[in-house]
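The chains carry the letters A, B, C and D, assigned in the order they are written, with residues numbered from 1 in each.
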């Protein structure tokens, strides 16, 4: 019985029940994040604030129960088999600490009679619990590996981009300073224009007004399309290479996110 | 005679006449879609409304005649050879039902004396009939296959993008809340800024005003160029791979959209 | 002598003199295009209008002299050796007709006492004469070949993009019609918003105002980044493949734009 | 002793001390650049101006000491071993001249009793000293090699882009001239719109207002996404190829930026 509970709570290795449990926890996290964000809207808060708070409290209860069950059942694992020291060691694993940090503030607020409302946005931190789900932790680990592998390319383009940013904002500061003393009052202010232009966002709150400034702006925008779009291409090709490699090495199953045992390709005889 | 009509109506397999018929139907659909959209312009409606309505009514007539002919001639096919049950089975195929749903509302509106004008925009649904043309159904099927094949990459980038969206809008909400209480009144409101910035659309109705907010905005815009441009690269390379594979397998002729019999490459001897 | 003049005028095959001549003609065309554009600026016209007109007239003179010299020297070529019929046939080649069309209007304007000023912008048409220079004609021919080769991919993405445009503008029309009856007065008006959003230009003259509209706008912008950036990736990879193929086949020298004789790679022995 | 000082100052070849010294100099340069930019902000200047000026003066002192030490220790190198002529030859190397030009103006300003404040922005030129650090000089050299290798592709796309710019701004000038005589007063003014649209920056200070202008604007924006994004793809793929080639040839160590001795791959036996 304890063994079965532990397997289900670990998720993914507990068969259909484990997968259902993971889906339930993920939905609960996402719904709480959505609720925490919606509560910042005045109208929503006035109408549904109490219901959303109740939902939040219920979620804290669920996560508390989950934490307690995990602590109770962890002795089923040979690594934490001792009734006291095994549980203590389990409670000090990073993932269990993340769990504790997510629920503890709500209980502390009762102790110190603090307002529960001020803790609402803390629920956004529950997003970090998604990292406990293999699928998501693997996704971020993969992106991280791609960034590490393409480090040279990314550092190179970011260096060139930073130099481009400094040069274009300095030039634009001198060109537009007299015509628009407010929008281009300083080099950091001109940098706000430059970053908008190089990334092609272009809000339109600052833009050059003089003919020379417009010429410079056109050149900077064209260079920006070339330089700031580079990282996307580099990351994209790196990502596809990494996923191909992962599939070949069988590091992760692309459908359930669990690590696989061996290579999916038959070994060359 | 009946066999010939059936082949022509099926399009593509009916020689030049069949191809001409497909081109005629496609043009009729596109013109009706354009007419339905133009009729929402007040000036156009006042001037040409009656002519466009007449054109729409004529088109309904054409599609009705086509539907009737199809029903009449389907017995030429061995699959629907029975005069009654074959026709019934043909009428219940998804593509025939799409046809029926496209023309039926116009006849029902006469029965219930409804205003034809309110049905105008229903003609936009005729776009779905394009899926009956091999060329278009194959295009969407190919895109769908690419999305399925690159599912892992797309899910990964969308997950990272969603997390980036939540984090950047939450941070910006706290940074700009006091300076711009209207534009950044809540996290969902800040999200409208974040999605504009990450996709580099930048309408300019909301943008950070404080120095810290501008710094954050610049970082988010730079990250956005990197993360939100990833799906395009992934889809693009997947699309080119898929088309190469299709050509080699002879799944579809790239010029007429019809499925081919065998591989276009000579088999290795 | 006549042979030498012909070779120089043909450009590229006339040694250093021919290359110098091509550079001179190209500069003259570009300067005239710049002059024609600058003359539309009121201030520039008032100050330098006469000087620019004089420069334009001198350029017409140069192109007239070049045309006359070409007509005189073309008999040096074996293809146009007959003094009368050879010259007539040369004058009827497309490139010679382009030359004639570029200079004739200026003489006709004198005949009919028309104002030379109204002909100024005709000089923009001289850009088409750049196609006579191998380097430029080869560049456009290469781009054209890429477009033809990637026709399927481009047609597919444009079809999907068009459908996306129709769907998103129709949905946005219904969502925003009541809140902004002017900006989203009709589906074509909503299309102006949709095309700005899908291409991520985002001028900011129209944007959704209702929460539902903003949600839809965010989804459309995200899809736009994915779909409308596809053609760039497709064209880019096609272009690089085409240039690699050209270099291997020796179709064009990458430095001077002239066709080469044989393959640059040694033939496999 | 002198030998050791020379090795440390040369950076990278002097072991951990040399690497620490390079990191110190790079930080000093970056901090001075940041200080020079921040001093253009009125509020920052009023408050921290004197402290930042003192920091700048101290940095000039550091760079002077570094220059003097370099000049003193350069005789340790066999190339500059002569006490007088060796030092003179060392002082005339480009990198030593860059050093001198960076510090000399500050001493000259004392001689001529000029205001130190007007020299503040000169510190931005110290960015060029980063080129003395192998890592940065190698990054820019690599980008330059990519641009050279992909010269044909870049020239082709820039040519097509320039033609697209001229054509779209000329057409828009004629279409919008009457409706918006101020924003589209001349072709160069329309060019400012065209460059914003083709690069998808879209500040929103100029945009078409007539239906025909909006149609043209949509087409130009779609073409712009296709054409102006091409250079990014070309540079990106070229960059990754170049870095792969560098790694294989062992031209540069990807972690410390120093040139390596031999190929990192074992030679085929």
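Simple rule for what comes next: contacts are C-beta pairs under 8 Å (C-beta built on N, C-alpha and C of every residue); 3 or more make two chains touch, one makes a residue touch a chain.
From a predicted model like this one, the values you see are computed outputs, not experimental measurements.
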Inset, instruction - Work out which chains are contact partners of both subunit A and subunit C. - result: B, D
Inset, instruction - Select, from B-D and C-D, the pair of chains that is joined by more C-beta pairs in contact. - result: C-D
Inset, instruction - For the copies subunit A and subunit D, give the interface type as same if over half of its residue numbers appear on both sides, and as different if under half do. - result: different
Inset, instruction - Write down the chain pair in B-D, A-B or A-C that repeats the interface of B-C; the criterion is over half of the contact pairs matching by residue number. - result: A-B
Inset, instruction - Give me the rotation angle that lays the C-alpha atoms of subunit A onto its copy subunit B, rounded to the nearest 5 degrees. - result: 90
Legend entry - Distance from subunit D to subunit C - Cα centre to Cα centre, in angstrom: 32
Inset, instruction - Provide the C-alpha centroid distance between subunit B and subunit D, rounded to the nearest whole angstrom. - result: 45
Inset, instruction - Could you list the positions in subunit C whose residues touch two or more of the other chains? - result: 188, 191, 196, 200-204, 229, 232-233, 237
Legend entry - Partner subunit C, residues of subunit A touching it in the complex: 200, 202-204
Inset, instruction - Flag every residue of subunit C that touches subunit D in the complex, lowest number first. - result: 33, 36-38, 40-42, 121, 124, 127, 136, 139-140, 142-143, 161, 188, 191-192, 195-196, 199-205, 228-229, 231-233, 235-237, 239-240, 243, 254
Legend entry - Interfacial residue positions of subunit A with respect to subunit D in the complex: 151-153, 155-157, 159-160, 163, 166, 169-170, 173, 185-189, 191, 196-197, 200-204, 207, 211, 214, 217-218, 221-222, 224-227, 229-230, 232-234, 237
